[in-house]
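Below is one structure; the comments refer to it alone.
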Amino acid sequence: MQRNARPYLDSLLAIREDIDLELQEIEDWNCCGATEYMSVHRVAAHALVGRNLALARDQARDTDLLTAGCSACYLNLAKTDAQMREDAGLKDTVNQALAAGGLEYEPGAMKVRHLLDLVCHDIGYDAVKARVVKPLHGLKVAAYYGCQVVRPDYDSRWDSHEHPTAMDKLLAALGAEPVEWSLKTQCCGGHMSVIGPDVAFGLIRRLIHGAQEAGADLVVTLCPMCQLNLDAYQVEMNKHFHTDYQVPVLYFTQLMGLAFGKKPKDLGIGKEFVDAAPALAKIQAEAPKVAEAKRKRRPKPGDALPMPGME
Amino acid sequence: MSALDNTNTFEPVIIGFTCNWCSYRAADLAGTSRIKYPPNVRLIRVMCSGRIDPTFVLKALSDGADGVMIAGCHPGECHYLEQNYKALRRHRLLQKTLAQFGIEPARVRLTWASAAEGALFAQEIATMVDEVKQLGPLNWPARPVPVGSVPAEIPVLSEVGA
Amino acid sequence: MSKPKFAMYWAAACGGCEIAVLNIDEKVLDLDANFEVAFWPAAMDVKYKDVEAMEDASILVTLFNGSIRTDENEHMARLLRRKSRILVAFGSCANEGCIPGLANLSSRESLFERVYQANATSPSTENPNNLRPQASSQVPEGTLTLPPLQAVIRTLDQVVEVDYHVPGCPPESRQIAAVLDALIAVVKGEAELPPKGAVLGAGNSTVCDECARKRDVKQIGKISRIQELPPLATDVCLLEQGLMCAGPATRSGCDSRCPNVGAPCIGCYGAAPGVLDQGARLMTAIASVVDANEPDAIDRVLDGIPDPAGSFYRFSLAHSLLRANRAALAEKP
Amino acid sequence: MAGQELIEQDIHEQQLTRVVVAACSPHLHEKTFRGVCERSGMNPYLSEMASIREHVAWVHTDKVAATAKAKAIVSGTVERVLKNDPLEAIRVPIDAQTLVVGGGIAGIQAALEVAEAGYDVYLIEREASLGGHMAQFDKTFPTLDCAACILTPKMASAGAHPKVHLFTWSEVEKVEGFVGNYTVTVKKKPRYVDEDICTGCGICVEKCPVLVVDDKFEAGIGYRKAIYWPFAQAVPNLPVLDTETCTYYIGGKGGCRACEKFCPTVPNSIKFDQKEERVTLKVGNIILATGWDLFNARRIPQYGYGRLANVFTNLELERMCNAAGPTGGKVVLRDGQTAPKRVGIVHCVGSRDRNYNRHCSAICCMQSLKTAHLVKERTGAEVYNFYIDIRTPGKEYDEFYQRVLDDGVHFVRGKVAEISDIPFDPAEASRNGAGTLYIQVEDTLAGMQRRIPVDMVVLAAGLEPRRDSSEVGKTFGIACSSNGWFIEKHAKMDPIATMTEGVFVAGCAGGPKDIPASVSQGSAAAARVLNYIRQGELALEPVRASVLEERCSGCRICNGLCPFNAISFIEERKVTEINAALCQGCGTCVAACPAGAIQGTGFSNEQLFAQIEGLLRDVNRSHEPEVV
Amino acid sequence: MSATPGDNRLNLCIQCGSCGGSCPSGAEMDHTPRRLFALIRADAREAVLRSNAPWYCVSCYYCTVRCPQEIHITDVMYTLKSMAIKAGLFHDAALPGFSETFVDYVEKYGRSFELGLATRFNLRHHPLSLAGMAPLGLGMLKRGRMDLTPHRIDGMAQLTAILDKAKALEGGLQ
């Protein structure tokens, strides 16, 4: 986060006191191997993650919560923890490897949680709402969750693998208007942006186009990789397809900061490739009129069929 | 007799508890199919593996059996719906307890066999017999039975001291 | 008119049974009034040789407490059997081995090691020279002897025939008083002896029968030790609150003293009537109500019982079907 | 049968009190030899069989060892038989009245069969009318005859039959007793319409000003009033008032009352103050035909049901195709007007999927083929069926598949991955126009990913066990399998009976079935019940558990262990009791009782201890018993 | 061969294609995952290991959560990749190159290093595209979002020891 997701880190640091979040960085953490290491050496990949888990456990004081802001880091931590819990053989092997570095990890010792999960489910929407001083009224946002936070979801932390609602509820608590769209958890291109850009561009365009079609002013993400692909590669994608999409992509922590009244600069806003300023200019001081509560209409002959509800 | 000789000639005696509906019928089927297996297991039929009380196992072991087999219907197929899960739970706890008495887990085997699995049941028996042979005799010492040293008859108390 | 003779003896035991007898208060005077106390080392000085000199069957009733751990215990058990018309196994040790019986899970050697080894894990051991008690040792004054320790602890009825059983660790004083009253009534010719082998001073059901706590259908999802649990409800079954309580498998008669004050029953009154093996009953009961069907999930619940043999057989190990650990049993007596 | 005669002779001459037959497995001839003993005046339960054929002679080759084993088995059996108690079979009389729960096609069929044989039947239906799911369907496969045309006559016969006592808008609350002798408490929910007075003229429904979505019969695509008929051909022909939408109730019993005002009967049929009633019935047997629930397609968010307007369920399509349904039989998009030009039918929605239900719902393939045919016939649209496997194992079913192929319906083999309203790229968008739904699937036969544009999607949602099936099972003392369907006594040989004597299942309560199978099961269940009624009484094996009350401390360890509800706790005496007629004799509670207070006849502790001792009599132990 | 990945449940596959249908890069794959599983069953080792499919897997886990048989498809893909590397069978050397380059950086520094990764990978495998990607890299640098030099963690010796041991154990497993 220190580098390519600098705005994520800055915004998180800026808001952490508002939401009473005490954070400690794992000292001397190593890269989790993303999705790549697993493909080359499975056991070593788990050992790599195991080292982080063990360091976290040793360093943790009065907590067993381990949070990550990146999808891949979160997934890898959760995966190694879950698979070590399930598979005693793997647990032994990983611990034998860790022993070579003087470490040991008892699976389950740390509860691996994504940052969004902590904010939505532990801190809670009400606590967030209570901190809002500048509601984001008038801002239409597309909540984008990507893949690896909600899938495969080893510990059932989310309401859905396909259409989760946690971030939408969070953004609504900030006063913004989350749009309904079908692509919340579609792939941002992942590592294909490097190894097969053509595939990635197609996926990025679909997301950006879909968000725009749904009426979103900007896309909100929870992962540095997704942000990078949708933001930085949006520019590349435009070149590739000769298009001119300008959909800014921010982190949910940045929007929280804005709603909490922080200065955009302190939240790393301005460091994005697609300028978010025009979209953010739409934030109104007053709440827009709430659309009239939907009433059950009297049907007339030739009228539409009723729509099944979501519940 | 050396330990090695022991394993060669030792023929364990094993008590097998089978349920009426699946595992006992599996043994019947092994019979009607003429499937051969070692003669070391002596079966007791109960209605359900849920009837099997750890006391039976302890009694069999302390009365001289070298091992006990518990057989029931496969999980989810119990004739009495779910009672074989109770057998499973009791077996897990019994094993933990028996370990403290120095009795190896292989001596008390839980197995599932449907009425169609005569061959599997015979195989289970063969495997268990083999494993218990490797372990050697259990030979649990018989309980001491005190005899004698008691006055032949106890007088009625009211006569005493009169 | 000579009074019938009474004896009480204390083998491998803690002495609590003797205290319990004294706890019957003025009732002890009835004992004195109706019996001649012929032998009671805890209360008066009579030598073994005095007992040996008595005529066989000259003591009417002997309350024998404690289990058989040493050759001396065994000698006294046989001696008192011969001298007594009625031999009563008194208290949990004599009946089923009690807490000392848990030593049957270990070999004699490991017991010595634990107790006498210089670097033993026992924090109270200070024995830099690794001295061990010897059956006999020479001193300037002559030979000193100690009764040898036997391989395993046995209960009184595993050594000599027993006429009656009074369970409990210790037996409740109220129950002792009742047993004495019954004996006195028999002596006075006002009552008949109960059938041989009867259990006296106890109920015919289990501790739950006397427990005031509310009970419901049971499903145990977790078993904890009492210190791991939040304050317990005062009126709900302890087992249902996740505590290992031996009440369901333990003979009634104690007025459910422990559970009624919030401590789980640990089983000192032994098995319910007609039951062959108390631990097996407790084991099967607990396992039957474990709220899991998959082996791993079952194990997770059962892992809440770190010492199953010790928990199920806390008092009745020496009298159980298996009696002792295999290695301990294999030792020469 | 010389052997049997010999035994009889010996019993007489030697005055035998116990018999052990060392021969074959008891599963073959236990009954035979018990019969021999009974004929000779001995209690049949004082005999035992030692199986030395199946368990010894036929399976061992070492003759010496086999002989030793045979002797041990005989020794164990002899020891055991000494502890046998004389037992009497438990005889219970059978009440000739029958309870049928569920008024769908299976329940109607069962009720009519029993009634036709001349016995009283109570038919209980939770909804306001008989009919069940079949009443919602338009056509039935494979013959395409109209569901209402074949169902309504049956409903009418059941409604009119003097031996069928109908309780609609009612639920079974409590069942006590055992086979032959059940006492059932039925809760009659208030209809707010007096059944005895109402003539079914329908003026109240006509005058009611409140119109709401009908989630039940019309599957959410049609409307009904606050006081309404369940559907046009309802049996009984009575309206029912919904207090949740009626303005009189919503407004705190203030306004409207139009129904009451316009009701022409004297006295007035509308009874705003009608209360719940409870009726107690005595019956000998129970048939459960409680049916199924539709899988909630919202649980698969990638299929978009509830989110994407033009994604429908198969049940919605049934109503849409029905001429009496909300669209008058027209197949249209959610706008109520446009006929679709491209329609995708997705099979296996919520079925054959470990994330939802593992079972095959059995009817959706045929139903989807039927839907494809009807949609094609009515709209001329291009119709795509997305399937994993096409299953058409009924009479004339595969012929129907052939017919649909011939109709020109497209078949794509692949489980649909997702349904999206968002095109992949601008080219796709411009090709297909606005409002298109894209079905993304791997065409597994072509071996490629495809995105097929359609206007309408029909999800073939599967059949699920009723959401309350586990509670219902508990009420009737039967269990559900891990999938949630009621478990039959034997899946093949006894699919109608359950482990609880006197309780039978028919139709989809036991698992997904089509109409012919449900009707057959309804008849089969009736046949089983009639058999019991004709016998008049039933003999039950006396292998039972019982509680020694003075030893029972009421610890309640055993209370949750019986799947047949035979164990109950008597609060006043703080002891547990076992109902011998409900007990199936498994012995689990006997083995579990920590106080040793539960006895098991036929398999008592004493019998088993003795058998263990007998079986081990020949075992040489290195430590001889220590004699003191 | 089908036994190689851990508890993969592959034998439960009913060939329904929900994986291939769900895959974001499914259209680009020479064989869909479903087809790969059929090939594995057919013992067509070389066709499986030469397939580009595992390399095109974006680890989105759609196939895994949607699979009606709960097959751990994404994990199988990882295993197939590592098998392909070991067997030296590639559809396109560039594909494993990225993973290996990434792994190299992690093993040298304990952290990934985007600039180095992108440059080295593209230099080796797509030299022509490097120029095209340059503005992106510059943009990252300008926004303070990329390091010019890799960061090495302090516990590198420890990490190396752990990874060496893990690899030794892994070797032993196979």
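As written, the chain order gives the labels A, B, C, D and E, with residue 1 at the start of each chain.
Here is the rule we use: a residue touches a chain if its C-beta (ideal position, glycine included) is under 8 Å from a C-beta of that chain, and two chains touch if they have at least 3 such contacts.
Everything quoted here is computed from the prediction, not taken from an experiment.
Q: So if I look at the partners of subunit B and the partners of subunit C, which chains show up in both lists?
A: Common neighbours, subunit B/subunit C: D.
Q: If you average the C-alpha positions per chain, which one ends up nearest the average over all of them?
A: D
Q: Greatest Cα-centroid separation from subunit E: which chain?
A: If we average the C-alpha coordinates per chain, C ends up farthest from subunit E.
Q: Of the other chains, whose C-alpha centre is the longest way from the centre of subunit B?
A: A
Q: Could you compare the number of C-beta pairs in contact for B-D with that for C-D and name the larger?
A: More C-beta contacts join the chains of B-D.
Q: Counting only Cα atoms for the centres, state how far subunit A is from subunit C in Å.
A: 64
Q: Distance-wise, how many Å sit between the C-alpha centres of subunit A and subunit D, to the nearest whole number?
A: 45
Q: I'd like to verify one number: the distance from the centre of subunit C to the centre of subunit E, where each centre is the average of its C-alpha atoms, in whole angstrom.
A: So the centre of subunit C lies 66 Å away from the centre of subunit E.
Q: Centroid of subunit A to centroid of subunit B, CA atoms only: how many Å?
A: 57
Q: Would you give the residues of subunit D that are in contact with at least 2 other chains, written as numbers and ranges?
A: 302, 418, 561, 588, 591-592, 605, 609, 628
Q: Which subunit C residues sit where two or more other chains touch them?
A: Each of 158-160, 276, 281, 284, 288 in subunit C touches at least two other chains.
Q: Please set out, as single numbers or ranges, the residues of subunit E touching at least two other chains.
A: Counting only residues that touch two or more other chains, subunit E contributes 62, 65.
Q: According to the definition of touch, which chains form touching pairs?
A: Contact pairs between chains: A-D, A-E, B-C, B-D, C-D, D-E.
Q: Could you please specify the touching residues of subunit C with respect to subunit D in the complex?
A: Its residues touching subunit D are 158-160, 204-209, 211, 215-219, 237, 247-249, 252, 271-276, 281-282, 284-285, 288-289.
Q: Over in the complex, which subunit A residues touch subunit D? Could you list them?
A: Counting only subunit A, the residues touching subunit D are 160, 162-163, 180-183, 202, 205-206, 209-210, 213, 296, 298-299, 302-311.
Q: Note which residues of subunit D are touching subunit E in the complex, please.
A: Residue list for subunit D touching subunit E: 302, 348, 352-355, 388, 413-418, 440-444, 447-449.
Q: For subunit C, which residues count as touching subunit B in their complex?
A: Checking each residue of subunit C against subunit B gives 1-4, 56-57, 60, 78, 81-82, 85-86, 105, 154, 157-161, 163, 183, 186-189, 192-193, 196, 276-277, 279-281, 283-284, 286-288, 290, 292-293, 295, 298-299, 302, 305, 307-310, 312, 320-327, 329-330.
Q: Touching subunit D in the complex: which residues of subunit E?
A: Going by the criterion above, the answer is residues 14-23, 26-27, 31-32, 34-35, 62, 65-66, 68-70.
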